[in-house]
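Listed below are the structures to be examined.
Okay, so subunit A shows up in both of these, paired with subunit B first and subunit C after.
Entry: the complex of A and B
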């Protein structure tokens, strides 16, 4: 029996689906870590998965682009050699909210198609994923309506929306169908249930308080006109350059590379790990010369990168409105507060 | 591993260096050493002047190094490396027979086509002469295809001068002019002293039939050189500058060489003055 494109699952069906996913192979899903904090983790016990959460500390990109990853094994000379370390083991990534799905789509471009070069490690891990999306409700940090990501389904193979005491499951790909097929099939959703699921979008918009005070189409030019804004300096006075904002960002993809030797010193791995444009040495070159020596240079770079440069190249801002950077910022710097201050300046100076 | 494909048809070898052998090495100065590197079976690297490779010293890492020999050189290629950090210090300890890893070549390279039939003004600062040596040697090997060759080379002090015998050989050709200056003249130095821009008044060029290629060290020098050339009347799309950034991947993924929306490793490293002027934080 093939699953319906839209099926109603009871909560027990969702637990059965998680159970099944966990038996099939690795399962990454949100789990509760602290009083109000959640993390995407490889779970041993599908029963520990959090079905409802607002946001995780680290985004689900870690499933396909881990914080630290060995991508090469080498032998030192004599008889030097090197071979790729690429994992293609299939896994299920469960509970991805629409903003994080949008972020995965952006990374698919950055790590996949951009510059017509394909990052083998990312693309292999991405291809190995079956992604189950999950509808959500915003808190005071979310601003997905402003950046147009709150209805994202692309990237998910199966998408769940809480309806009544159960979930409406949208089957979006063959992988999604295969995950449900025959075992957890639910029943056909009624038109009322479909209507209730569709109303989530409007509810989310209504509940979202944080916003960007500009259309995405005008954002790049507005920021570009305020390259010399005092806002960068003012923000820099509070910023610690700790890099938390970039580490928790679901769309940041810069990385550093380092060789790690085995204890024999004759072989080792080449590893990459998340880097941050906020670290003082990120744009350092020989000389030494630093192209973004001042903290304000680095602060401005982050906003310009996301809302000017990559926006122009990709067509959408490299920000999905998840609110992680604002919530995690040690200094309490708000992404939209800074953005809106610059937007206001740009409008004032243009008036 | 190169050429191996993973499930989705993607080549797995993007980050896998090819094992290459150092077949020659000599010290050029107290801090610079040139290595002659051979790929397996003497296979050609297939680079263009101005392109770079990612050089691995396994256990120490990988670094972008410009190729300093011309594409016409068969069987091996040259890398000139300054001893600066952990990787380059380890590399300086290597010699003939030692193995390194090579990925590449990467980047766009200098506009050799645009230089054909034109006078070539080459401005080099410090170790910037190394990548430009691939240009100069390539011009030399196809001498009739190019007009005058003028090299302006500035370096810190006489003991830092790279490729001294080659500077002699280049200047011996009557179609060439080679001018060298040092920032700090030491005792016994009979040549010119001052930064590289102080050499500009000593040459006469026809600005419309000249193409300039430059790699001049600290970013501020790029601005000075650009201003000098503009004052001489060289159009901004006849000036090409190679930018330096510390690329980790060489293929546009790691984000380290981003300059105002461009990636130096795939969109550059060579940009025209016209492009550089529109790129914030480029120089």
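Entry: the complex of A and C
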């Protein structure tokens, strides 16, 4: 067949697509991990891929920004030489929900365009990706409509929406066309089927039960006015500073760097690993001085980072409403709960 | 030092499982021996020497008569590494400190109790300065190798100070709380690569508490999971007794901060976890 912009695929076609993607090169996709948890993993067996899931423990950013990554091989003593470690091997990232697509777009900016110096590993891995998006339904933690990410297609090369017993495939880029082209059968979607796919957006809005009580445009100023809010202190009494909220966040991009020597002690690798602004040592500098020693300072920093500073720089909040932080907080701290408490205070004090 | 640094292994009250972990390293141990000379290691060899630069000490101090030996080791060593939970935290037997000493001796030795000596169980740091603590019950073999590399290069070793949740999440293990069980991961020092939660267990806290644990949160969360106040301390008893978590948990002193804010929980996502 010749690929059409909107093709109807049967479920068997989607499995065939996965099979083909897996044969072509590395394939990262969601798989079931625990009793009720999912994870984006490099899959050997495309049959293990979960077509339906709500959220994964770590977001799909790990395909292009792995949680642990060696990026330099070096020899001792200094000056003896070093080589950058960058992988440009093409791969397919399958099953990315709209919120996570939005997060990848934000990381494209943060790692590739925000500063003059780009993150070469991220940019290379991002360029090597063919991304297949997948429509989803929210659970009680999701709030994508509030942050405007629930209809995201940008960033995907191909996007699948479950319709009837099959999937409506939107071909969004040349890479997406190439992934489908000629190998997977399919037929032109009918106008009813297109309509059914488009109705998902409204369904998602209706099903979402938590929200942010402000427009994104007013958020930064509202928070800014409550820098001294008691909410930060009260949240800190309950916060472990375990860093889970930021480690699982699809838009967080902080990392720590460490040199690991081989046992020859003459060569080694420079590696990075996700770091968190919630860790007590995160803002520890020479002196020693720690400019966010208090737990409440770190708590506040997280909301200010996402909804004040980066919102002003990027134009959108650095939060995509995926609900991972709230769902995985063992202390039950809700991202929207804290945000709304501060918003309410700000409105009250302005009134 | 001149030549290879000389390393000596010693043990006090322990199961010697951490030294066994080092012995079980395999190839990395052989590679390490390219860089160091092991001069004393009762568990592994018969030779002995009083001259060494690096002392690796497993076990806790339980008898006053052990103290002079530990002090001699400290005087000789330019670097003293405390190996495992017993040496760093007192070990599981630190919970004996909660019992009456003479009852304890009778319980264990019966009629012959008077022939034995026992005292407060304590980590090495209660008696001497420890340069590098390697936590864990048992230790993580990879961390031992990493510490040795730092010692060999004269670089400061950064002891992990994140919670176990850090490594648990990096490995994408299902959260123990999502299985409706409790876990000490959020207040326990990582470095184990979340080995217990990888096998479906909870974290028992064997690496001790992080430097600044939020025990107020721990108590509230445990209470919300059905633990009675009197049971909460027992959750921490196994490894955290020496750190005296009672105060942080609000079990000996009323928690003023929490009292004043009841009814105001702006952070709470749902009414119960």
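Odds and ends about this structure:
Criterion: the second predicted complex is superposed on the first by the 347 of 351 C-alpha atoms of A that agree within 3 Å, B and C clash if a C-alpha of one lies under 4 Å from a C-alpha of the other, contacts with A are read in each partner's own complex, and residues count from 1 in each chain.
As a convention for this text, contacts are C-beta pairs under 8 Å (C-beta built on N, C-alpha and C of every residue); 3 or more make two chains touch, one makes a residue touch a chain.
Just so we're clear, the structure is a prediction, and the values are computed from it rather than from any experiment.
Look at A:187: by the touch rule set out above, it reaches neither subunit B nor subunit C. Contact with subunit B, but none with subunit C, is seen for A:81 once the two complexes are overlaid on the shared chain. Once the two complexes are laid over each other on the shared chain, residue contacts for A:235 go to subunit C alone; subunit B is not touched.
Look at A:265: by the touch rule set out above, it reaches both subunit B and subunit C. Contacts of A:24 after superposition: neither subunit B nor subunit C is touched. In the superposition on chain A, contact is made by A:114 with subunit B only, not with subunit C. When the shared chain is aligned, subunit B comes close enough to touch A:277, but subunit C does not.
In the superposition on chain A, the residues of subunit A touched by subunit B in one structure and by subunit C in the other are 261, 265.
Residues 28, 31-32, 34-35, 145-146, 149, 152-153, 161-163, 165-166, 169-170, 172-175, 177-179, 183, 185-187, 210-214, 216-218, 220-221, 224, 257-258, 261, 264-270, 273 of subunit C touch subunit A in their complex. On subunit A, the positions that touch subunit B within their shared complex are 71-72, 74-84, 86, 88, 110-111, 114-115, 117-121, 123-124, 127-128, 227, 253-259, 261, 265, 268, 270, 272, 275, 277, 282-287, 289, 291-292, 297, 301, 305, 308-310, 312-313. By the touch rule above, subunit A contacts subunit C in their complex via residues 33-37, 39, 41, 56-58, 67-68, 141, 210, 231, 234-235, 237-244, 247-248, 260-261, 263-265, 273-274, 276, 279-281, 295, 326, 328-334, 336-338, 341-342. By the touch criterion given at the top, residues 1, 4, 6-8, 10-17, 19, 56, 58-62, 82, 84, 98-101, 217-219, 244-246, 248-249, 251-256, 258-261, 263, 266, 280-281 of subunit B touch subunit A in their complex.
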